[in-house]
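What follows is one structure encoded as structure tokens, with my remarks underneath.
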Amino acid sequence: MRSNTMNSEEILNLLKKVGEGKLSPKAAVGRLRHLPFEDIGFAKVDHHRALRQGYAEVIFGKGKTPAQVAGIVHAMLRQRESRQNILVTRADAKMYATVKRVNRSAKFHPGSGVITIERSKEITGKGTILVVSAGTSDIPVAEEAVLTARMMGNQVEPLYDVGVAGIHRLLEHRSRLTEARVIICIAGMEGALPSVVGGLVGVPVIAVPTSTGYGASFGGVAALLGMLNSCASNVTVVNIDNGFGAACVASCINRL
Amino acid sequence: MRSNTMNSEEILNLLKKVGEGKLSPKAAVGRLRHLPFEDIGFAKVDHHRALRQGYAEVIFGKGKTPAQVAGIVHAMLRQRESRQNILVTRADAKMYATVKRVNRSAKFHPGSGVITIERSKEITGKGTILVVSAGTSDIPVAEEAVLTARMMGNQVEPLYDVGVAGIHRLLEHRSRLTEARVIICIAGMEGALPSVVGGLVGVPVIAVPTSTGYGASFGGVAALLGMLNSCASNVTVVNIDNGFGAACVASCINRL
Amino acid sequence: MRSNTMNSEEILNLLKKVGEGKLSPKAAVGRLRHLPFEDIGFAKVDHHRALRQGYAEVIFGKGKTPAQVAGIVHAMLRQRESRQNILVTRADAKMYATVKRVNRSAKFHPGSGVITIERSKEITGKGTILVVSAGTSDIPVAEEAVLTARMMGNQVEPLYDVGVAGIHRLLEHRSRLTEARVIICIAGMEGALPSVVGGLVGVPVIAVPTSTGYGASFGGVAALLGMLNSCASNVTVVNIDNGFGAACVASCINRL
Amino acid sequence: MRSNTMNSEEILNLLKKVGEGKLSPKAAVGRLRHLPFEDIGFAKVDHHRALRQGYAEVIFGKGKTPAQVAGIVHAMLRQRESRQNILVTRADAKMYATVKRVNRSAKFHPGSGVITIERSKEITGKGTILVVSAGTSDIPVAEEAVLTARMMGNQVEPLYDVGVAGIHRLLEHRSRLTEARVIICIAGMEGALPSVVGGLVGVPVIAVPTSTGYGASFGGVAALLGMLNSCASNVTVVNIDNGFGAACVASCINRL
Amino acid sequence: MRSNTMNSEEILNLLKKVGEGKLSPKAAVGRLRHLPFEDIGFAKVDHHRALRQGYAEVIFGKGKTPAQVAGIVHAMLRQRESRQNILVTRADAKMYATVKRVNRSAKFHPGSGVITIERSKEITGKGTILVVSAGTSDIPVAEEAVLTARMMGNQVEPLYDVGVAGIHRLLEHRSRLTEARVIICIAGMEGALPSVVGGLVGVPVIAVPTSTGYGASFGGVAALLGMLNSCASNVTVVNIDNGFGAACVASCINRL
Amino acid sequence: MRSNTMNSEEILNLLKKVGEGKLSPKAAVGRLRHLPFEDIGFAKVDHHRALRQGYAEVIFGKGKTPAQVAGIVHAMLRQRESRQNILVTRADAKMYATVKRVNRSAKFHPGSGVITIERSKEITGKGTILVVSAGTSDIPVAEEAVLTARMMGNQVEPLYDVGVAGIHRLLEHRSRLTEARVIICIAGMEGALPSVVGGLVGVPVIAVPTSTGYGASFGGVAALLGMLNSCASNVTVVNIDNGFGAACVASCINRL
Amino acid sequence: MRSNTMNSEEILNLLKKVGEGKLSPKAAVGRLRHLPFEDIGFAKVDHHRALRQGYAEVIFGKGKTPAQVAGIVHAMLRQRESRQNILVTRADAKMYATVKRVNRSAKFHPGSGVITIERSKEITGKGTILVVSAGTSDIPVAEEAVLTARMMGNQVEPLYDVGVAGIHRLLEHRSRLTEARVIICIAGMEGALPSVVGGLVGVPVIAVPTSTGYGASFGGVAALLGMLNSCASNVTVVNIDNGFGAACVASCINRL
Amino acid sequence: MRSNTMNSEEILNLLKKVGEGKLSPKAAVGRLRHLPFEDIGFAKVDHHRALRQGYAEVIFGKGKTPAQVAGIVHAMLRQRESRQNILVTRADAKMYATVKRVNRSAKFHPGSGVITIERSKEITGKGTILVVSAGTSDIPVAEEAVLTARMMGNQVEPLYDVGVAGIHRLLEHRSRLTEARVIICIAGMEGALPSVVGGLVGVPVIAVPTSTGYGASFGGVAALLGMLNSCASNVTVVNIDNGFGAACVASCINRL
């Protein structure tokens, strides 16, 4: 792709010719029509959008080599004026070792397979994102959500191990539920937690099914279907094990 | 099948011949070996089992003509010594009209499509069966369970409209939950109710998924999967919309 | 369920006895422990929550008789102090005729099967909810979303017929996309619209798969899976054809 | 969670103030309303439930490190007054080695992956739980059920290798079937065994589909569907390979 | 397609020219190579195959108009030299009325939707085909199998209502099972019957799943999977409700 | 959308101002950047594409009222300069009656539910599209394909009833297969036809699964999966029953 | 199980007592009724069935240890009077090494994972079983079928690599197809081969889907569905990859 | 299979006898009728087809041993007169090492697992095949498509990383899209790319779903369904991850 500046220059040159009478306005219209639209600043707008969302720079580690991951991290770090946090999801220890050599402040969270490089501690989200999870085996996904939301500038609080079969454990923390601005609700097996949580609060609940379980959990399908059929009307759903995506949406809502 | 009495007679005749020396014991063994086993009383044992279970006589109406249903009811009623209640499930108004002509005390329950002929009010179950349901659209299945369990001689109590998205409605009735000896728990959509109920009590919970819902409820599959993956360990599951089956099992447990 | 006032009175009486020295504090603790918790005001808190969410009163029409629907509407209208709008979803012309007799200002929207009784025009949502849909057959679901969001006090704008196979139709309206505070994105078939829309904006996108299509659309499953796998990270998903649920969540976000 | 005693004290202090006239009864009601309900004894009730069910302490090993498993076992053993048996399911040899160091009496059952620490041999179940299985490859699941039911204080008897394609093997043991109080019936492939067993007895049959088989067994789905559609009305179903859950329910029934 | 005779004539003419020396053998090879192969008798071979199989002439009624069905029947009847029976499957009363006008001896079997015109009573199958079915709702499929097998020249015997939940009913008829040369075994719900029957006999068992049932029977899928996973090794399976196909295969085996 | 001419005028005006010195080239660049790109001729390009593809104007009838369909047809007919054929798919007799009033030359094809208005007989496709189908119940889908391809200016030939269980019927027509430039291959049930056809020719084969069949055909899924797994490497697949789509692609290929 | 002789003796003793007048015939009937039916010779009948079927002794290796497999083989070999062949399916090299030590004539077929010990070369099947397979990756399943059918005393012929995309390869061998008495037809991917083969012959075709393929073959489901929907009426189906089962049925047919 | 020449000779001999008067023409017709049709040149026609398609020689590596792959390559190379390129798909490094020994010019492409031996650089396709892919993890499949299409004599251009969530990246390259003669469009996750691309061009688009993704992508099923339901009418679909098949079809189209 040619750079954005180049395109502006091209258009400028075209218009200069019109200004100088070297090209008729009508002929110029004809030429402009054949320029790809992005030449008139599309990419720039897109760049603005990235800034506006305050998204951290994110690398999906799975399927990349450690060298590739480290290379992308290196490129990101060179953009010195940017102070955005860097996040690698679905990473492993080998990737971390390589990234660590690029940047000493990189941290690895083995439970969730997340690498973080924190360059800014600024909180830009307006309220607290509460990350609620049902069982201990849901914690890796919960941790991915917590770290992602934090790297994106949010105040995040975890509330773990509050499954619906021991409903009092959840109800005990009702004040924390009602104080959150957005809730991420993570559960495997029957995926019932978001319905109960959704019924207790008035804020949006983003449900994340996990692949926890065996047999008829079908790798998270049971939880996914349960959440899609939630009888609480403030619940929406993301993909199985997608703690990252839930945190993106929650962060996006928390900036409104 | 020849009647049981006949078979006993045949064997009796055989043994009489042995007793009279007309047949050697060895030859008799040979003959007995070739008699179908039910000739030596199997059906009777089976009959005993039916009595022991206290099952009402049940007719599955769906797929039968009104005349067929009425005919079976008529045959049952002729066995005067039996005082078992008669139950027709998945029936309709036409079937009822025909059955009504056979027996004036027949009652139709249009919500659940159940016809009942109550010939005995004896309570043979040891405790109360509580039938808990989540939404109003689950009530037909719940009613099938209630009527079936009652016809089978149980004290039954309904507890409707206590879905998990308004958890306080359920918790309000905790004493009724803890007083039941067996609980039937009926829910569509995400099917989360049995997990919550199962966590609140120490008795067996029989979960019935319903075909309530639309889209990704897949005609009850979402609820079914949710229930099979219940994180409460006292929950078992029957087929979608199978209020009848749940009541059979509950009744069976309640007699232990 | 006993009324909330009664419960408060009971507790008050209990405490009065303590105040009068007729009951020791220790004995009172014992008694309180056995009172169901809702007796100490839970329902009221819940009532507060309803007010706080600004949810309209909603009746799910499907599976109810016209008389039942009209009865519930009548009960709602009697609560004169409430000025909340009333919404019946999945209704039909017969239900409407009956509701119309109860309240002359009721309106029927046959495309989406929604009945509305508007009692308040107050806008309580902070920004605009844009309802984007792909094909003409998605419009009923879109209309359900539009009407629900409006009845819940939001500024709502529809943007229909902007499917991804004619991407320029969507891009043409980019300014409307970027001006929205929340976007509901409705599509059947391959369900690709939310990914494209999500990539163009920085606000939350609530994706609604529709049962539009035939063959391998499997009644909306293809669109549902597409949306759950969206490569845009600001997309969450609700159940197939659930325009109502999407509007609830959008409204809930729009009040933050 | 703050301890239960603390909460009782708080309430006691509140009531003392009322008794001393330092707080009006009306003001006390207001304060009580804002206390989380579990503060008034909920957890205690829950604790009672645990005792009442006589459940062994159970650890789900899968997904935990050997150190975590051993740590939990260690904590359980410290509660010296408790004499409950300890059970680790889905464990492996490494976990066992670590647990063995914590408690010398721990035993490992490699077929089913169960670790048991037997601290009580008391039989609290009223009758015999019979664990029936179809093929040799179903035995690991059967063993999980047998061990779980034993650890929970039940008389348990195994009856293995009685698949329906050799129906006489099953019929031969009819007396054992009819003597059981609860039957757990474990089968893979077509999952037909519970229907046949259910038809031979009058007690509840808990069916466990196993992931035995290949091809169109779909990891146990064929057996699961078969069992859910059982034509015997005293059959309920738990998740695929869930020998543990079946034993919990059976134990729960056997205490009634 | 040109008629078979014509093609033979063409080849004959070609060969005559060779015989007359008007065409060299080599040139004739070249020409033959370009003749479509069916021109040298393929259709005739195929015709032989039809005769050899002794298949009745069969019309699949579903999706055809009564006039079309009657037209095909009429054309078949004109081939007077043929004495093959005529069978219309998945027919209805309207089709029958029209066929009846074409041939007075046509009979309609409303349970299975089969029309038969019997032109030959010759028995060409070597043994008896036993058609075993589980429940009363499986009888339509069983009847389709019985009629098809009879029309194809087999001695057929029905054995209905011998489901596995009352195993003694089946065992009672063991002699009939062992006397059959081929068994067709029809069952819905859990589809367990073929496994039990297969284990009792040494002949091939053709299993037909039926769409009987509700909920998790998924229109016969549960039974289909059960049968495909049968633990009896003499069981093969045909499509759901395919009584016709089972009879074709059984007939085909019975002629060996 | 504003018309294309308008947009060109706007740009022309802008450029005229530059030419007149009223606006600096640099300022003009800025303004252009904010114009939606379609304003510089996007729609026109798109229009060109439509012409280039030679697509007929197509209306998807399903879900539209007869009045709506007729209205769209009427609008199309007013564009007198266009001579494109008009096609309504998934239409019914009522729609046809209304369209007939708008245009007397409209024809209805009840088998496939297609309405055609032929305004041009020009053949623009380079070769013949052969539409091969397996069974008589596949003919409606085949007819939709034939009519669509014809309306789009192709020479089309049908070849029906050549299913793989009578392979000689297909082989007989091998010359027709090899003479086609593109083949559309339509089959239900096991969907095996495209593999056989694909192996006999060197041209692209577009496979269309149909919803023909019952039981385990799952509404065309069996055929769809069969075709996706075709062992012939010149086969691609479209949606179940999508004769229209297959013809579009075939037409698109036939113009290359 | 007590031995059959014992049971006969018991009955003999009973009858002797009747003969000796020590027991009344009526009392004897009562006692007989309580004897399990298998005591009167059931097992013997079953034993006869095994002999009659001529099945080889078969061990399903998967899930057993090498020692277990060798142990069972050893036990089989001790029954010297039996000359039945021994077959281990789904075995591996380790199992073979252990079995080899037990019996030097054991042979391992690594492609199919079958171990054979041939003790009899007697051909008891009446005709030839032809094993037809589509692709090279289907050969392991084909080999399992070939070896099983041979060990069971059949003349078996393989015909490999005759997939439908090169139909001439299959047609070339038409004489071999028509000479077979039973055909086993093995194919993965679209599973079209049995339909084509079934159409060419008049004998039963047993179709075996294989898990060959990737993506939408879903581990053999595509082939399975294709075969269940076969348009040839002499095709039945066994489970995915079940070459063993297909050979059992074919052998069973070939003995008729 | 006997060679084609042999068969011709046989026929020649037959015809010579006719020419010599040793055999009557009529008798010769009879004999010819029983010759398998392929003996008169079928294979030759087939051979012509292979040449006509210009397909490279392709070996599917998966499931073959390195020695087998090398052996086939060796055999191909011996046919010196052929200059067709050789392609091994789904190969690994071990296979490559062995092939390399057979032919030094063999190249391995580890990303896609493809081995190529280029013997001809002739471009026989008429235009450019553009291979468009969405994400970096789709590149292995894209590379398989690129290499296959190149080996088959096409001008191929890759266009990677243009997913729909950043629609401008795709639009930027619109000229490349419109210049292609055939487009292969590869995407995982929601599989939306082909719809957008299809809407932008007038040429055929062959969509390849990839198994990229996790959770509800179900190994590529989400993308597959999305593509089958594409709202762009110039899109057809091949199996999941089937870059090879897509290239075959594209090549086949590009030669038209």
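For reference, chains read A, B, C, D, E, F, G and H in written order, and residue numbers begin at 1 within each chain.
Throughout what follows, a contact is a pair of C-beta atoms (placed from the backbone, for glycine too) under 8 Å apart; a residue touches a chain by one contact, two chains touch by 3 or more.
The structure displayed is predicted, hence computed values, not measured ones.
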Other chains in touch with both chain D and chain E: B, G
Count of contact steps on the shortest path from chain B to chain G: 1
Chain whose Cα centroid lies at the greatest distance from that of chain H: B
Turning angle required so that chain F lies on chain G, C-alpha fit (0 to 180°, nearest 5): 180
Chain pair with more C-beta contacts, E-H versus A-B: A-B
Farthest chain relative to chain F (centres taken as mean CA coordinates): D
Chain centre separation (chain A, chain H; CA means) in Å: 39
CA centroid of chain A to CA centroid of chain E, Å: 60
Chain A and chain G: spacing of chain centres that average the CA atoms, whole Å: 55
In chain A, residues with contacts to at least two other chains: 37, 42, 166, 171, 215-217, 221, 224, 228-229, 233, 239-240
Chain-to-chain touches, reported pairwise for every pair that qualifies: A-B, A-C, A-D, A-F, A-H, B-C, B-D, B-E, B-G, C-D, C-F, C-H, D-E, D-G, E-F, E-G, E-H, F-G, F-H, G-H
Touching residues (chain side chain B, partner chain A) in the complex: 134-135, 163-167, 171, 188-192, 195-196, 198-200, 213, 215-218, 221-223, 225-232
Touching residues on chain H, where the partner in the complex is chain A: 136-137, 166, 168-169, 171-172, 174-175, 212, 214-217
Contacting residues of chain G [partner chain B, same complex]: 8, 11-12, 15-16, 18-19, 21, 24-26, 28-29, 32-35, 37, 40-42
Chain B residues within the chain D interface of the complex: 49, 52-53, 55, 126-127, 181-182, 200-204, 206, 224, 228-229, 233-239, 244-246, 248-249, 252-253, 256
Of chain F, residues touching chain C in the complex: 1, 36-38, 42-43, 46, 62-64, 209, 211, 219-221, 224, 239-242
